[in-house]
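Here come two complexes built around chain A, the first alongside chain B, the second alongside chain C.
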Partner chain A sequence: MSGEYLAFLALALVAITGGVLMLNLTKVVHMVIALVFTFISIAGLYVLLSAEFVAVVQVLIYSGAVTIMMLFGIMLTRHQEEEGEKTTTGGFWRKALTAIAVFAFGIAVYLGVYRLDFGEEGARLHENNTEQIGMALYSHYTIPFEIASVILLVALVGAIILAKKDDEGAPKS
Partner chain B sequence: MEQLLNSVPSWTNVAIFFGLGAALLLMVLAFVTYGILAERKVMGFMQGRYGPNQVGGRWGLLQTVADVLKLLLKEDTIPKAADRPLFILAPILAFAPAFMVLAVLPFTDAFQFADIGVGLLYYIAVSGLTTIGVVTGGWASNNKYALIGGMRAAAQMISYEIPLVMSVLGVVLLTGSLNLNDIVEAQKNVWYIFTQPVAFIVFLIAAVSELNRTPFDLPEAESELVAGFHVEYSGFRWAFFMLAEYVYLFAMAALTTILFLGGWHPVMFLGFIPGPVWFALKFSVVVFVLIWFRATFPRLRADQLMELGWKVLFPVALANIFVTALVKELFF
Partner chain C sequence: MSSVSLSVYLVLALILFCIGLYGALTKRNTVIVLICIELMLNAVNINLVAFAKYGAHPGITGQIFALFTITVAAAEAAVGLAALMALYRNRKTVHIDEIDSLKH
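For the complex of A and B:
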């Protein structure tokens, strides 16, 4: 029972609880807050794996992303609570098939995780991992990295054009 | 501290770290108490009035203590139509990151808690989490002013975090490390305020904005939004939001000292004065400048705020990175 194991248990518990709550809660903002807990505890898991750079970037990206998502959640959804009927429709066979699929997926992931083998080279990756990520990114993977930035740029320009189109219909002020 | 960090984990270590954390919290609370008093005194001086001068002698030394006591005794109200769980959770979400951030700041070479490789990024990442608390609080209050305040906080955080990170990249490029200890060590001879003046100015403006202080205090603009995102909060929950704000003031002033003013390194010839004194002096200067800003600048309009962030600070910070990279490539 080492400290690392305890920390893992706590973080994993928070991550899973966040995920389950996210699926079960009814209000959008509540779901987003549940998601925050999942993301932060995943960052904690990265720290346990000595991937501090990835952990910090996870928090950096998702704190901004989640805030934006929350704003969309507030702005684009109706606030009147609609307590609709939540009984699942579908017959016995459908439910059984879903259950089988869930179990099959679980078993596949379990087997996959246990058979996973990263080889021997992973032993020294935790030292100076920020520097190592930079080296790898800018020497071996420069072109994928640049392509990703071009795609982001296209998305940005596309968003601006889409937002601009709305304006033309409106009277000019 | 170094050997403590590398020792085998045990309950003694837990107790030691808990004690140290509690000591730091008390220190920060003391700063917040007298920081608020200093702010009111300095602002009073700049506006030609006295400021607090009744409670605790001529200088009002116990004024903030009395205020905190009043807050503790106040009725804790939760609006009927508020979203109860989130309303309770929001102040905690806002305050916890403010204190977590302090863990990586090296106050002197001996007095620091965690020496992690990505200290600078950690600070910026974790401080961004507070905005989630602010937006949550604004939404959970079920009040239109609070909601507008929360929305503004989110927009401001998104647009000013980018120039903040970009301006710091110049310093990171020159140091070649994200570790705050390495950054201080690299300023042994020349402080970065002299080699990176543009970055310093962009950083200071973006920092004031991240702190939600005048001239960028749109999320809590009293004259427009009643009180901003914390209209519905009272008593100690409200105090938590305030506390988070002043702990960030502490953290941001410390970070500015570390990044641009050479941390605990002395000015030349004056090496006989110990490092902690130097750090405290520089830190106080930064805090004073931030209070000065608050007393002298008028508040920006929301569209001016966005324009300044995206059309001025962002390009300037980018150009600064470009020039720094060129200079480093050519001359070092």
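For the complex of A and C:
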């Protein structure tokens, strides 16, 4: 029972609880808030895995930006929902079949990974983590880094064009 | 098993991935489907970072890959949400079972 193990247990419990709450809550905003717990505990797991920079990025991007963006999406598309409206698609049998299929997938992957162990440990990952990432990013991965900036630009322009109001003369679909 | 090793992280990521997959397949609100996809991408990121520490060749590369995945996931969320806005303006619904023009 090391401290690392206890921390892992607590963070994993919070992460899975957030996911299960997301599946079971009825209000959409509550589902997103439940997932914030999952995202933050995943950031804690990154710290356990000696990836401090990725942890900070996770908190910034997921718990901050993506969640706020999803909340805006919910608020902008919200219309009066009557009480007791369904939150899932399909009937009981379809959901049961989906659950069985997902469970079977989970079992299949679990059988593959549950005793996977390479017996090695990257002991130097936490020393100057950000510096290591910066060195690798600007030496080995310069081209993917630049392409990522192009992807962000394309996503920015595309999102603006998709979300802006149509012109008056545009054909209504 | 009282020490944290590679397999526990992989199993946790598997559980989160399954939750995300089930939610993405059954939820009715399109925003929730999008955020379930984000959850699945997060599970994959856990795998990448776990392999960066405990994999056959530990190194910083896995973390770099996780960063790139986060970048692409953020771009995907933005574009998906914009498409959802356009859809909502045309169809006045966000329920995924009412968006079925291709079926008729």
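We adopt the following convention: the second predicted complex is superposed on the first by the 115 of 173 C-alpha atoms of A that agree within 3 Å, B and C clash if a C-alpha of one lies under 4 Å from a C-alpha of the other, contacts with A are read in each partner's own complex, and residues count from 1 in each chain.
Quick note on the criterion: a residue touches a chain if its C-beta (ideal position, glycine included) is under 8 Å from a C-beta of that chain, and two chains touch if they have at least 3 such contacts.
Predicted, not measured: the structure shown is a model, and the values here were computed from it.
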Looking at chain A, does chain B or chain C touch a larger number of its residues? C
Have a look at where A:Val14 lands relative to chain B and chain C in the superposition and call it first, second, both or neither. neither
For A:Leu116 in the superposed arrangement: first (chain B), second (chain C), both or neither? second
Looking at the overlay, does A:Val59 come into contact with chain B only (first), chain C only (second), both, or neither? first
May I ask you to decide whether A:Met70 touches chain B, chain C, both, or neither, giving the answer as first, second, both or neither? both
Give one of first, second, both or neither to describe whether A:Asn128 is in contact with chain B, with chain C, with both, or with none. first
After lining up the shared chain so the two structures overlap, which partner does A:Leu162 touch, if you call chain B first and chain C second: first, second, both or neither? second
Going through chain A, the residues touched by chain B and also by chain C turn out to be 2, 53, 57, 66, 70, 74, 129
Inside the complex, what are the residues of chain A that reach chain B? 2-3, 27, 29-30, 33, 36, 40, 52-53, 56-57, 59-60, 63-64, 66-68, 70-71, 74, 128-130
Which part of chain A faces chain C closely enough to touch in the complex? 1-2, 4-5, 8, 12, 15-16, 19-20, 22-23, 28, 31-32, 35, 38-39, 42, 45-46, 48-51, 53-54, 57-58, 61-62, 65-66, 69-70, 72-74, 76-77, 79, 86-90, 95, 98-99, 102-103, 105-106, 109-110, 113-118, 120-123, 125, 129, 132-133, 136-137, 141, 144, 148, 151-152, 154-156, 158-160, 162-163, 165-166, 172-173
List of chain C residues in touch with chain A within their complex: 2-12, 14-16, 18-23, 25-29, 31-32, 34-36, 38-39, 42, 45-46, 49-50, 52-61, 63-64, 66-68, 70-79, 81-86, 88-90, 92, 94, 96-97
What residues of chain B sit close enough to touch chain A in their complex? 9, 83, 85-86, 89, 93, 116-118, 121-122, 124-126, 128-129, 131-132, 135-136, 139-140, 147, 151, 154, 157-158, 161, 178
